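Questions regarding the structure given below will be posed in turn.
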Amino acid sequence: MIASLRTGLEATFKGVEVTDREDGMMFVLAPGESIPAVLRYLREHGLDHLALVSCVDWIEEGELEVVYLLTCYMRNNTDYGPEQRRHVLLRTKLPRESAELDSVIGIFENAEPHEREIHELYGVHFEGHPRLIPLFLERGYEIPPFRKDFDTRQYVEKTFGAIPPVED
Amino acid sequence: MAQISEIAGSGSGRELELYFGPQHLGMVGNFSITLKVEGDRVLKATANPGYLHRGFEKLMEYRTWIQNFPMVCRINVVEPDSMEMVYAMAVEKLAGIEVPERAQYIRSICLELARVSSHLFGLWAYSNMLGFDTPAQWAMYHRDLVLDLFEELTGGRVYHIYLWPGGVRRDFPKGFRDRIVHTLHSIGGWVPDYDATFFNNRLFYERARGVGQLSQEQAKALGATGPVLRATGMKFDIRKVEPYAAYDKVDWEVPTRQEGDAYSRIWVVRDELIESVHMVFKLLDAMPDGEVYNRIPNPFKWRIPPGEAYVRCESSRGELGLYLVSNGGDKPYRVHFRTPSYPHGLTILEKALEGASIADVGNTMISLYVVAPEIDR
Amino acid sequence: MDRNQITKWLKSPAKMAHKYSLHAVYFCTGCGIIEIPPVITTRWDAERFGVLPVATPRQGNLFMITGYVSLKTLKAIIRTYEQMPDPKYTVGFGSCPINGGMYWDSYNTIKHLDRYIPVDGWIAGCMPRPEAVFVGVTHLWTLIDKGKADGYLRYKRYYAAYRRNQEMLFGELQWPPLYPTEAEAEEARP
Amino acid sequence: MVTRIIQLLLSPLIALAVGVLFLGLSRKIIARIHRRYGPPLYQPVIDVIRMMSQRSISHGSLFELGVVLALAGSLVTVLFIPLGGTVICRQNPLAHGVLCPLSSSGGLLVVMYLMLFGPLGLALGAGDSANPNASIGVSRKLLLALAYEVPFLLVILAVMSHYRTISITEIVARQQESGWGVLSVPLSAVAAFLILPAMLGIRPFDLVSAPQEIASGPLAEYGGSYLALLAVQKGVHLFVVIALYVDLFLGGGVNLATFLVKMLVVFVAAEMIAAVLPRIRIESAVRFCWKWPTALALLQMAITVLSKSV
């Protein structure tokens, strides 16, 4: 089934690049607008566990890369096959200045906090997300703190270093 | 008894906003839930994390590969060893380091001991929440016995920094094997007492039955793993699905339950605890002699070839994954931990608390095995 | 109770009662909280010395800040601290509240806790062992005896400076000042 | 007259001392069951002194009034309860040797009403603190009072119709002549023991002040000297409930010492059961109280009424 996944993906979607690695990892690169469709396709073809939504800031290329990591749950209780060891890594590249993506909550419900987190820490806007409010942070930052051009050491010196001791 | 809860509900007769945590005796960890309450019923629950956010993944980008070892274990204070394990595995995968056979066994033993201590902590938290003070105190004492083992092995009670890329930091000290066996036997001897006071107690059944119930379909859709998923009847365990360390070398069972409520989750935890103890005995018997670590290059000049890896292991709370990207430098380019409490504490908790009684808020949260620092990172 | 304690009890009952009835506000601010359950349970049993966790800040007089303090937590800490009735004692637990510890370059944790609320004593280490907690408590007894555990008085005296530091971090605070600030005190003066 | 005044002063003092001692004892017993050393017996005294010396924050006059009402209610109840002693002269209530300053007036019915002052005062004060946890705690407390009042009333009715009097002194005297209440109204005694933890507010019925659920409920906003007074009130309430149990079913006491020994036995038994049980939900508490204790009390009442009318 997994072998057919590659051909199926390439046949169904335009502009999708699939690469395989021998350790069981499959990399799928898709354009931003087809992400929900590809995710739905993958889900229908057995990859029903969205383990992680992550984001990488490739500052030199000027791109933010959003990564969806998919694996399978078991079909039955004796199902310990190589298929379970399969990881599919779906990624898409977005321009750093105007990073926007469609929300996938309709397909994987547990993507909701992940998308909120990426919105907060990387500044990617997710269209159709019901509550893009801060998840972790208390104060606002000019640059979302996980981007590579946010220098946390400089920031710490500027913010916390400026606060004087109370009594000496 | 619906009428009585309605009477209890009409006591105040209006909607209240109630903050459960962060400063709350029923809250394990620095976490907060905002509850919209009518009388004794929760109408809507909103998880409010971030009290423990330190930006770990950002900080790790500023530290070299080896400097990150003291960092990773601090993400989850309850079970730091699986954090070390997953980082060591990812680094080994990217750098292509082999691990000696004996080190694999020691790693497994270490992780299982950590699981025992973590489950005992969970048992403390859960029974303390319900007001079962006596078994709670015992569980905390027995956890301390396991921590004593760790202290002897690694020098630290809580943070061990023991699992190392290329193996483990040092071999077992002399006579350590007997002390493990002795400690685990003395904990095992208390299992009948735990059963009598807690697990077979009728009141535990009444408090936990039907609380935070999830069907297997719901659990899968919401990304549940670990005891939460196994309590719905699926034998999904990374140790079996994608064996690492020495878990494929010994024979063991994955305990499950069918109902998917707090009661079955805590029973799964109990069964796992016993299974882990048995597994340690089997691993100790099968352990070969030999080296315990392969030398790594000079840590100050250590560069790891570019690439990305997703590795996962089974912590006591579920699937713990690490997405690691290297750009060929001396520091990681991007680290992202997939922690099991993340879906449990944010998505599932909000779902499970809708319509629950206030008496069951902490009950549900702890039975979902949520650890706050794992969520916030 | 030995004999010279009885004279102390007769001389200053309030001070002695504060020493032997330290009710700690149960607030898990960081990973240091992992060593609190062993301290209060069977093996170390802090209740022998009257140390007991309580549910609300109104009932306590000891505030243990266990571990790193993120910005969001600091807000909760300040509010909790201000709700506690005087006299109250604060103990920083672990390296992180002292100077940031491991997280010295984290953008979301504060580095020096004593710049936002007064601290009476520190227990250093990552993690401090349960024994260290007991040593810390006995040191706190000495401080109370000598009248040096005066964090709550310092908070009142330097409230303007503390409030200024808090506002430097958070901007406008949502709650009113605990003590009248200098400007208000000026206004109130006839 | 002088004896009366001395008694009026003495019995609340005994209640205060013994009640607070019982609080300390309960902590020690539970610690020993946990395999801990436990705090010293006088730990509650230290706590009360400490709270008294802390700054108290008030939330309004009702907030203060509630505490006073609760404590006063409990202290007044003590005056109506005989604390040991033998009746000397049945005809002249004033000339008896029983330590009960107000034995001639009221009796069981007054005690029953006065015992409601505790919950009501707490409800009044906690309602004024505007803390949601407190109001949930109060609604639980009133519901729990409703739950245990039903079997309690039935128990008292059975006792009253068995002895054909409402005077507690009289009941005690009759027991000392013809055997304890445990033997003559056994089912009522069992029922009363079952609801004893609910009346005392200890496990498994400590859902009112459940610290892990609603942050100590009605007490959430109390601190300083108010909390000290409420701690004392808890001790006195403990004393009242157990003293009443001893008077109704264990034949009071020949003198104060035997009376206190009997109280100690009842209290330790209740605490040991409490130590191994968890906290239950309010629904289960109400269901429990209206099921077994009520059934037993009803049965005993039917037996008593039938045997008396034959």
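Going by the order they are written in, the chains are A, B, C and D; count residues from 1 in each one.
Heads up, the rule we're going with is that a contact is a pair of C-beta atoms (placed from the backbone, for glycine too) under 8 Å apart; a residue touches a chain by one contact, two chains touch by 3 or more.
This structure is a prediction, so every number in the text was calculated from the model and none was measured.
Colleague: Compared with chain B, which chain's mean CA position is the farthest off?
Modeller: Most distant chain from chain B: D.
Colleague: On a C-alpha centroid basis, what's the spacing between chain A and chain B, in Å?
Modeller: 24
Colleague: Need the CA-centroid distance for the pair chain A / chain D, whole Å please.
Modeller: The answer is 61 Å.
Colleague: So how far apart, in whole Å, are chain B and chain D when each is placed at the average of its C-alpha atoms?
Modeller: It comes to 44 Å between the two C-alpha centres.
Colleague: Please work out the Cα centroid separation of chain B and chain C, and write it as a whole number of Å.
Modeller: 30
Colleague: Multi-chain contacts in chain C: which residues touch at least two other chains?
Modeller: 41-42, 54-56, 70, 72, 105-108
Colleague: What parts of chain D, by residue number, touch at least two of the other chains?
Modeller: 34-36, 211-212, 215-216
Colleague: Quick check: what residues of chain A touch more than one other chain, meaning two or more?
Modeller: In chain A, residues 136-138, 145, 150, 152-153 touch at least two other chains, as defined above.
Colleague: Write out all the pairs of touching chains, ordered by chain label.
Modeller: By the stated definition, chains touch in these pairs: A-B, A-C, B-C, B-D, C-D.
Colleague: Using the touch definition from the top, list the residues of chain C that touch chain A in their complex.
Modeller: 70-72, 75, 100, 104-108, 110-112, 114-115, 118, 154, 158, 161-162, 165, 168-171
Colleague: Within the complex, which stretch of chain D touches chain B?
Modeller: Those in contact with chain B are residues 30, 33-36, 132-133, 135-136, 138-140, 142-143, 203-204, 206-207, 210-216, 275-284, 286-287.
Colleague: Show which residues of chain A lie in contact with chain C when the two form their complex.
Modeller: Going through chain A, the ones touching chain C are 136-139, 141, 145, 150, 152-153, 155-156, 159-160, 162-167.
Colleague: For chain B, which residues count as touching chain D in their complex?
Modeller: Residues in contact with chain D: 1, 4-5, 7-8, 11-12, 16-18, 24-26, 37, 39-40, 127-134, 137-138, 141, 197, 201, 203-204, 206-207, 357-362.
Colleague: So in the complex, the part of chain C that touches chain D is made up of which residues?
Modeller: It comes out as residues 1, 13-14, 16-18, 20-21, 23, 41-42, 45, 47-48, 50, 54-56, 58-59, 61, 84-87.
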